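In order of appearance the chains are A, B, C and D, and numbering begins at 1 in each one.
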C-alpha cells in the first residue's frame, strides 16, 4: 500500500483528527519492548521503529519543511534515514538494511514524534493552512493508518519466527476468530456500472477517475471461506494436485514446501494458529486468513468456482458484509482510465507498483477504524501471505 | 503461447491444410545444421528438435492414439520425451533438461514426423473423421504454427550467444527492418464494445466467450515506435531515470544491467542489430523489436503517453495496420468472463498461465501466414524480450 | 572459531578467572543501547544479545546441569534458544533467525547471566570441583573469550551498515591504527620442526597432537603489510588484474564488486576508514585490516611473494611481533595427525568445519588479553572480511 | 585438471606419440552421433565438441602460431572460440555458453583437427624442433589426455539426464564393475619422505619441486571401499546422521537432497547403476564410484577411520594397487614449496585453482593409458561427483 493525494478536504476538525491518528499509532506500541522495534526478518517486513519514524518523516518532509517559514528540522539525518521510496526527495536507506539500524534509539524516535506533533499542531492552529495543505495532512494521516496495519502484520511475522511465540496482547485473539454467518449469493445483472471513488471524503489516487465498466451477470458469495473449508481442501490433497494451481503457484508450493496457510502450526496432531494472543487452537468457523493469491485461486478451482474481479466486488459490495479479511480478487493491479500522476514527490510512485500484483478489496480486522471504503484498492504480490488475506468466491 | 481447442470446423480441405502447415515447419528447418537442433541456452528457449517433435507428438497423442483403432505408436518413449506440460498425460521430461537430450537423433525425429504424417493423412482420408476430430486436428495445426514462431525466436536467441553470430538466412533481414509509415491517431469513443472471437474459423480458448466491455474515450497511434525514437529515449537517459520505470522494471534494469533492446550490439561506436541475416546496421526507421514490457512502459512514460489496454487495441484494430510486432498492452493476462475449461488433456492448461503475464496483441513479421486475428491473445512475462515485441502508444 | 576441550588445569584461581572473563564481556557491552543488541544483518553476524546469552548457556548446559545436584534451570526455553551447533544437545534456533528474536529482552538475558554467575561461583566454591570439571570451566571461559572478539566484530559490521556510522567508543580508534615498525625477514632453515601445543595451560583441541613437520628453507617478513602498500596495490590496478587472483577470488571480486578492503570509504576523494571510533582518515602506516584471503593472496602475487604456511608461521613466530591482525596463511584448515574427537557434545563439532576454510595465525588488536598463543588456529572462509584480518608475506 | 609444462623431453618418437594420442581421442568419439557433441547440461560439463576443438586449439595456439614461420591459421575465430581460461591469450567464450555454440559444425571441427594434425606432423618432421618445443608438444598431449577423460565423464553425465539412458558402448560396463580383492593395510613408519615428481618423463607443474615432508606413523587400506560397504552406510542412516558430516557437507546433502552416489537409480526396489553400457544392476563387489569428498569423509567417519593425506598416499602407493578410482584425500590442493609459475600463457593458470579444492590421487578406469603417476595431483571441489571418484581409508 502506498499513500497518494487526497481530493476533497475533510470535514472533521483537522487538529483533532491529527491527534487521534497519531495517538492510535502509539497505542499500538504499548505492548512492545524496546527490542521489538528492531528486527527486519525479511525484506518485506519493516521494523516497528521504521514505521513510527517514517510516518513522522512524512509530516516533516511534506508539510513542515514546505510550509513553515524558518522551520528547524529535528535532525538532518532523519530525512535520509526514514525516506521509503521517494527518489525525488533524495537518497534513502536500502530497504533491506532497515533492520541493521539500531540507532537512532527508540526513545529518540519517540522524541521525534513528539517534536513533529507539537510543530504540526502549532502549524495547524495558524492562519496559513489552505485547503490544499489540509488535504496533504489528511493524506499523511491516511498514510499513517496504512502503516498502523503494517506495523501489526510485520510484528506478527517477526514474533512468529521466535521459538517463544510471544503474545502481543491477550485480548487480540478474538478479532482473528470472529465467525462469518451469512449464507447465499449476491447477484449482479449484466450492465454498465460506475466504479471508483466519487465522494467528498478522502481517497487514494488509485481509486480515482470514476469510470464505467461493463459487467456480465455474476454471483458472489455473501460469506468468506472458513478454516473448516480450507481444512477440507487440504485433506482432499489440494496442495498436491497440480491441476488446481497456476503454473507459478505450483512452483511456489513446491519450492517453498507450502502445505497450509501461514501461521498454522501442528502440535501433537492438533491444528493450532499463531495469533496476536499467542498460539491458539484453530477456530474452524473463522474465515481463513494469511493465504496467498495462489492458494485462494487453487481453492476456488477446487470448489469449481472462481475469485470475483475487483469491479464485480465493488458493484456488489453494498449487498454483503466485508471488513474481516483483505479479499483476493482476480484483477491485476492496473491504472484506471484517465488516471493522472500528482506532481512532485507525493505523486512519484504513481503506477510504480502496477505490475505483477493482484488487487485485494475490503479491509481486515486490524485495519484502523475509519480507514476502509468499498473503492479501496489494496494490492500485493500473489505469493505474499503476511497480511490478513482471505477468500470470497464468485461464479 | 499455449494451444487450445477450436470452435468451428475449418472450411479448407483438412488434408491439404495439414500438409501445408507441416511442410512449412520443415521449410523453416532447411537452413539448419544437425547441431543447431540441440541447444537450450536458457530454460525459456527450447531446442529446435523439441519443437518439431513436440508438435508431432500432439497428433499422435491427441488424434492417432485416441481415434485410430489398433494404432501402433512410433516409439513408446516419445510420449514421455515430448510432452510439454500436460500433467494428465503422464510424467514428462523436466523443461530445463530438454537441451541435454541429444538422443533421439534429429534424423529419427524426422522419421517420426514422416510416420505421423502418413498415419494422419491416411486417417484423414478415412470415413471416421467427425467434425469434432477435425476441430482437434485444426487445433494441432494452430499449435504447430505457434511453435513455428517459437522455433525461429528460440533459434535466434541461441545463435545470438554464439560469438560467430551465425546467419540463419541471408534474405531474412528485410522482414525485421520494414518501415512503418502511418501517421496520426485512431480515435475510439466511449461506449460498450464487444470483444473476443465470434467468427466461424478457428480460435483459441482464451479468445472465447465474446463479451461486452466499456471503454472510455481513447486514442491509439497508427504507427509503431521506431528504433530512431528508441535511440532518443536511450540518449535522453531513459534507462537511468528511475521515475520512468515500474519498481520491478527498475530492479530488472539494474540487476541485469539492461541498457538497450535485446540484440542491439555496438561495434566501433556504431549501433548494430543481430538479425536472422546476421549482424546488420541498425535500421532507424524500422519498428523497435525485442523490448520487454518494462521497456515498453518506461518508453511510454517518457513520451507522456501510455500503452493501450487489450480491449482498446481490439476495438480500434480495424483502423490501423498491425502484424509487424507483438504489441505489449497494459492488460494483464486474465480469463474472460464465462470462460470454461475444456475437459481432459487438451483443456488442462487453461488458466495455468493467467498470472504475472501481460497480454500482447497483433502478430509479428515471423508469425506464420494465416495465424493471426485481432482477437488473438498472446502473453509473456513482463521481462522477456526474445519474441518480436514492439510498442504502440495510446492516450 | 569453535571452542574445544582444555588439556591441563589452569593454575590461576578458577573463581577469580571466571569472574574476570565474565566481567570483561559485560564491560564490552557498556557503550551499547538496548537496540544495539538485536540486529543480525547477515547470517555470519550474530546479535550481541546472542553472544552474551550463548556464552552463559555453555556454563548452564555443560557444567551446572551436569554437575550440580537438583540444579534448577533459569528458564527451560533457553536451552533451545541459545544453543549454537551442538546437535546432540537437541534442536536449536535456525542461525539465520537469531535476529528475529526480540524476546527474551536484554534485561532478562543479563538476569540470566547474573543467575548463572551466582550459581557458578557457588559451585566453584564447593568441594566437588574435580580437575576435569575445572578444565571444562576453563574451556567455557576460552569459548567466551572467542565470543568477546566476535561480539565486537559483529557489532562493527552492523554499525557500518547504519548511515549514521555510530561510534562504539571514541578511544577505540588507536588500536586499529597502531604502526608496524619492524623491518626485514626472519629466516627458517630446512628441517623437521615440532608444531602444535605442548604446554601446561589451556589450548583448543585443534592445536593438539603436537607433531613433526618438515619445512624447507623459508623467509617471513617481520612486519605486516600496511594500508600504504595496499593503496599502491589498488592504484596499480590490483583489483582489475585477473592474473593476480585465484579463479574463485576473481569471481568474488566481480560478483560482489569488490575494489577495496571492507570499511574503507571515500569521502570527497579522500580515503576514510570506519572504525570503532567512527569514520576516521585512513592511517597509511597502520597494518591493513579486513581483507579476505583472496585479497591477501592477490596482494602477495602482486608483490611476487606468497603467504606463509601455518607451520612456517608457527616455527618462526618467536622471531617477530604478532598480535595486531589475524594473519592469513596459505594453509587449509585440516586436522592434525592423531587428532581425536572428544566424546559427547563438547567434542561434537570436531572437524565439522575442516573444509573450505583457511587458517589464520596470530591474534588481533581486539583479541581478549590472555587469549593468544602461537599455536592457536583460527579459520574462516576465504571470502570473509569482517574479522581483523591482515597480511604477512613470505618467500 | 589443468595442463602444465613438462620438464624432461620424452624419449618416444614424438610424431608417433602425437599421432597415437590424437587418434585415441577420435576413437572415443566413434560411438557418438553428431547431436551428442553439443549439450552442456551444467556449467562444469563441457560439450564433446568443445573438448575435441580445445585440445586442437592448444597445438595451434602454443606451437604452430609460435614456431612455424608464416603459419596460416585454420580459422581466425577459433582462437577465441576454443580458448578455455588463458586470459593472456585474449577474450574467450563464457564457459556457461559453450553449449549454445552449435556452430562451427562437428564436421568442421574434425577438419580443424585434420588440418592441425597435418601441420603438426609436418612441423615435427622439420629441423627446428628444439627440446623445449618437444616438451611443449608433450604438454599438449598430456593436456589432451586429461580432456579424453573429461570427454567421457561429461558425456556420461549428459547421457544420464536423458530419460532414454543411452548406451555409449556395450562393452564399457566391465570397466566400471571390476572387483577389488586386496586385503589388509599398508604401514608407513614415521619419518621424512620425499614427495613430488623427480623422474625423466613428463609431469605437470603442480607435481614439481620434489621436497621433503614428515609423516607420522600411518596405515592405509590395500583395497577400495565397495558398493556393498556403501550400501551398508546408507542402510545405517549415513545420509541422515549430521554428526558424520562436515558442516558444509551436511548443507549440501540437505539442499540437494542427496541420498546415494551419483548414477545410482532404483527400479522396482532394486539398486541399479547408470553406466557407459546403460542401466545395469549395481555390482556390490565393485569399488564405489561417483561420490563427493563430503560423502567419502562421512563414510570414513562412519567407519571410525579417515581419508589419507596426499603424502601418506604417495609414500605408500608402491605397496598397493591403484588406478580404478580417483581417490579423495584429506589434503587441500595447495602449492608445493618452491613451486614457480611458468612464464606466459602456459603458466598462466598456475595456482589459480589452489583454493576450495581437495586433492585426488591415483587414476580411474577411464584414465587414458600412460597418463598416470603416483605423483599426479588431480583436484576437484568437494561436492563434485561426475568423475570416477572413490574411497580408500586410512588410520
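The rule is short, and it goes like this: a contact is a pair of C-beta atoms (placed from the backbone, for glycine too) under 8 Å apart; a residue touches a chain by one contact, two chains touch by 3 or more.
Since the structure is predicted, the reported quantities are computational estimates derived from the model, not experimental observations.
Undergrad: Relative to chain D, which chain has the most distant C-alpha mean position?
TA: Chain centre farthest from chain D's centre: A.
Undergrad: Return the distance between the CA-based centres of chain A and chain D, expressed in whole Å.
TA: 57
Undergrad: From the mean C-alpha coordinate of chain C to that of chain D, what's the distance rounded to whole Å?
TA: Chain centroid spacing, chain C to chain D, equals 37 Å.
Undergrad: How many Å are there between the centre of chain A and the centre of chain C, using C-alpha atoms for each centre?
TA: Averaging C-alpha atoms per chain gives centres 44 Å apart.
Undergrad: Note the residues in chain B that touch 2 or more other chains, in rising order.
TA: In chain B, no residue touches two or more other chains.
Undergrad: Got a list of which chains touch which?
TA: A-B, A-C, B-D, C-D
Undergrad: In the complex formed with chain C, which residues of chain A make contact?
TA: Within the complex, chain A touches chain C at residues 33-41, 49, 77, 80-81, 93, 97, 99-106, 158-159, 161-164, 166.
Undergrad: Which chain B residues qualify as touching chain A in the complex?
TA: Residues in contact with chain A: 85, 87-88, 190, 192, 211-214, 216, 218, 242-243, 245-249, 293-294, 297, 301, 306, 330-332, 334-335, 337-338, 348-349, 351-356, 358, 382.
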